[in-house]
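Below is one structure, written out as structure tokens, with a few remarks after it.
Letters A, B and C name the chains as they come in the text, with residue numbers starting at 1 for each one.
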Amino acid sequence: MTAPNAKPLIKSKFFVVFVPYLWLFLFFLAPFLIVLKISLSQTAIAMPPYLPTFDFSEGIGAAFSELKELSLDNYAFLFSDSLYIKSYLSSLQIALISTALLLAIGYPIAYGMARSPKAWRPTLVMLVILPFWTSFLIRVYAWIGILSREGLLNTFLVWTGLIDTPLTILSTNIAVYIGIVYSYLPFMVLPLYAALEKMDESLLEAASDLGCPPLKTFWVVTFPLSLPGVVAGCFLVFIPAVGEFVIPDLLGGSSTLMIGKTLWAEFFSNRDWPLASSVAVILLMILVIPIVFFQNAQQRQQERDS
Amino acid sequence: MAAKASGPIKRTFTPWDDPSAKPFIQFENVTKRFGDFVAVDNLSLDIYEREFFSLLGPSGCGKTTLLRMLAGFEAPSEGRLLLEGQDISGVPPHRRPVNMMFQSYALFPHMSVEGNIAFGLKQDRMPKADIDARVAEMLRLTKLEPFAKRKPHQLSGGQRQRVALARSIAKQPKVLLLDEPLGALDRKLREETQFELMDLQQELGLTFVIVTHDQEEAMTVSDRIAVMDHGKLVQVASPAEIYEFPSSRYVADFIGDVNFMSGKVSAVTDGGVEIRDDTLSCSIAAHLENPGTKVGDDVWLAIRPEKMRISLDEPGDTATNCVSGEVWDIGYLGGVSVYHVKLANGNVVKSTVTNQTRLVERPIGWEDKVWLTWPHDAGVVLTA
Amino acid sequence: MKKGPSLFNVVSVTLGFAFLYLPIILLVIYSFNSGRNVAIWAGWSTKWYVAMVQNQQLLDAAWVTLRVGLLSATVATVLGTMAALTLVRHGRFMGRTLFSGMVYAPLVMPEVITGLSLLLLFVAINFDRGFWTVTIAHITFSLCFVAVVVQSRLVTFDRSMEEAAMDLGCPPFKTFFVITLPIILPAIIAGWMLAFTLSLDDLVIASFTTGPGATTLPMRIYSAVRLGVTPEINAVSTVLIAVVTVGVVAASLITKRQEAERQRAERLAGAAP
């Protein structure tokens, strides 16, 4: 607002900006710097299990001399051991394939919802959101009972006579795909629906009026107009899927390599915090480009709305 | 500014012509910039107590900005704003004795009609009984009694408009600012409400500053109209003066329909002027409002279409103020018809005729050769 | 031009919803299985629910989760609303890009990274891990979700309502509480509910940031699941699903009824003089 009448507001305005800013700075941004620092440290059998710890009680000088102990050893190790590189690549691959599957499955659902009678739409949207409110862990768990060798799917298929020996689905990458698609479906459907619902139906009528056949209308009118939703949905599922832990851990097998799982194991089982940190740093570097893209898209969306 | 030939126009309320009258609101060389963009450009304006003042102008010319500065939502970048002689530039909106009726009405959706009307009074910590009495009074004035307990979304557009009005006058502000208050209403309701607004202003004795897009509305309700363009005032005058004595082609064109004839001044007589144009078969004789005009100046004669007489018969004197042409188009508007006459030089001149007879008996038809004439005092000679 | 939904649309929506709901329905049904094997139906029983309420560890964990959820959702709602106000109302200010980055990035940040980095922060500043660290962690990521929800309401908020209040003599600070807040309240409540369920739901970040005595329900469920599928977990899951479903459905029914009332009233108003 304007200069003179803004005066009494200045304090509260500053407060409104400052408090969440400080919070996010302290608990979101600052921790990354610590991760970066620890990724350059050495593993130690101590608590905390890394060196140097920069104990400032011994004076700045001592802390400064410890600076020299930082090294890139962890990163060198990451790149020398093919396990990590394979984990990264396999994570990206799984996330990419899952995103493609989600788009292929989510688009018809979102499209059907957006073209449904107006009165149903709020209910349909709620039905998409509802599973998202129920626990992620429980939804993943539900699939264990379905996909396991003695699980419901195999029992059903054997009972129908389609197969006679149970299929092994649990503990394979297929189960991971199913899990990711299932858990992330609302995140794909909702932005797609939002974009498709906004679209004026008279555009389709105009296109067909001008002689465009329905399928072509879809490709030249509907799909391009829904692109913001497609982009938002893909980022919204791809980025977290790359670092997914619960799904590969519970549904995948020992051969399922995903970086979230590797990091977890490095941290909790091997207690190698510096190595886990460097795994996180590299993962962040891989994701930083899509994250910045996502953030820009969000901001543009917001500016367009206002 | 206003043409000084205000003789024939009768007025009773004309404080702006009285040098001893003190202006109520004064803009003194006010400029408002948004970044590099100048929304209001070095504007000076006096508004008098109890005046019904209209701001008229094309979209984006700075009308809303002017109101918002008065209400205190924007501070002038330069210049001063005075209310009753006091500089109010530093007074925040909630301490100004000025209330605004918003274009979007800005009714509080979570409060009833009563709650909305009482809101401003509660801010003044008025005793409850007084608030109730005032709210009842406002409901009566705006004929909203049956809807007192409703929420804004339970009202029709016209009812909402009246709630917004009631809310903004409940505090009996010294000045009421109205930003396109009737913009969202249909034509019939708008015309009714215009008269209600005028009655209300008379009854309460308030000063109204109203922004409107609708020139007819401005003509109907105002004591004075300010025509704005690009952040500047072009003319400030009473509706009749603005219509009959526009100060420039811009104003003439903006308010109502007008024909322009351009030419050079060929002779200046006592209180009159002769204009010639090579492409025109006649010379033009007109009253002169602008004493500075000399022979050889480029000027325009602005004549309203209803002041152009149209006839199928050749008049006696065709040498001055008489042109002939062919009926190019006829616009039938019900009460009047507008004849578009194409002259020999290719210009089209409009003439409005009241339809006193039924359509079938109308004598002038398409492609008829017609004569247009006008008296000396029908048009205004404009130099800009 | 009005056609019913096409067959293709009906089929894709139906299949989609079947895919979304079938696993949950099966999970709920098998929580009433009297046998231990999840795939073989051995008759109705509620014994797993009895086992569940007798499992003290589970109840303790539920209590921790509830406390963390209530506290973190409330703080996150306050901070998230402030962040949304900042994003929508404060045009350009120093560090705005950084700020909006910090608000949007946690929405997609892999949980393992958030969890690890927060833990390392707590270790570095020597903060005892437990209830408080989990709460702080949950506030941090759920405040961003609240900010997005509230922000989407704020961008459509007609600011002339605030101006009208000030014009009528209401000071700016008071205006926020009597005008702005009541109007955006539904979005704030939705934000709170989202923050609360996110907190109830979180396994990864809690696992990193927790300490002794602050084991949350998802952590308990996770360790039980790792040991194999048992109907007792199905029972716990069913209870959680029921609680959330009732909450969400009730909330949406209330808003729906208000909407219907509004529409009825609008029709009435249309008929009035």
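Methods note: a contact is a pair of C-beta atoms (placed from the backbone, for glycine too) under 8 Å apart; a residue touches a chain by one contact, two chains touch by 3 or more.
Values in this document were obtained by computation on a predicted structure and should not be read as measured data.
Chemist: Report the chain whose mean Cα position is at the greatest distance from that of subunit B.
Modeler: Farthest from subunit B by mean C-alpha position: A.
Chemist: Kindly work out which chain lies most centrally, taking the average of its C-alpha atoms as its position.
Modeler: Of all chains shown, the one whose C-alpha centroid lies nearest the global centroid is C.
Chemist: How many angstrom lie between the CA centroids of subunit A and subunit C, rounded to a whole number?
Modeler: From the centre of subunit A to the centre of subunit C is 17 Å.
Chemist: Measuring from the mean C-alpha position of subunit B to the mean C-alpha position of subunit C, what distance in angstrom results?
Modeler: From the centre of subunit B to the centre of subunit C is 55 Å.
Chemist: Which integer distance in Å separates the CA centroid of subunit A from that of subunit B?
Modeler: It comes to 59 Å between the two C-alpha centres.
Chemist: Mind pulling the subunit C residues that touch 2 or more other chains?
Modeler: Answer for subunit C, listing residues that touch two or more other chains: 171-172.
Chemist: At least two other chains touched by the same residue of subunit B: list those residues.
Modeler: 72-73, 92-93
Chemist: At least two partner chains per residue is the criterion; list those residues in subunit A.
Modeler: In subunit A, 5, 8 touch at least two other chains.
Chemist: In their complex, what parts of subunit C are in touch with subunit B?
Modeler: For this pair, the touching residues of subunit C are 158, 160-161, 163-172, 179, 182-183, 262, 265-266, 268-270, 272-273.
Chemist: Per the contact definition, I'd like the list of subunit B residues that touch subunit C in the complex.
Modeler: 71-73, 92-96, 98-100, 102-104, 106-110, 119-120, 123-124, 146-147, 150-151, 153-156, 159, 167-168, 171
Chemist: Would you tell me which residues of subunit C are touching subunit A in their complex?
Modeler: Within the complex, subunit C touches subunit A at residues 1, 4-6, 8-13, 16-17, 19-21, 23-24, 26-27, 30, 37-40, 79-80, 82-83, 85-88, 90, 93, 95, 98-114, 116-118, 120-121, 123-124, 136-137, 139-140, 143-144, 147, 151-152, 155-156, 171-173, 197, 200-201, 203-204, 207-208, 218, 221-222, 225-226, 229, 233-234, 237, 240-241, 244-245, 247-249, 252, 256.
Chemist: Where on subunit A is subunit C touching in the complex?
Modeler: 5, 8-9, 12-13, 16-17, 19-21, 23-25, 27-32, 34-35, 38, 48, 105-106, 108-109, 111-113, 115-117, 122, 124, 126-131, 133-139, 141-146, 148, 150-152, 154-155, 182, 185-186, 189, 205, 235-236, 239-240, 242-246, 250, 260, 263-264, 267-268, 273, 276-277, 280, 283-284, 287, 290-292, 294-295, 298-299, 302, 305-306
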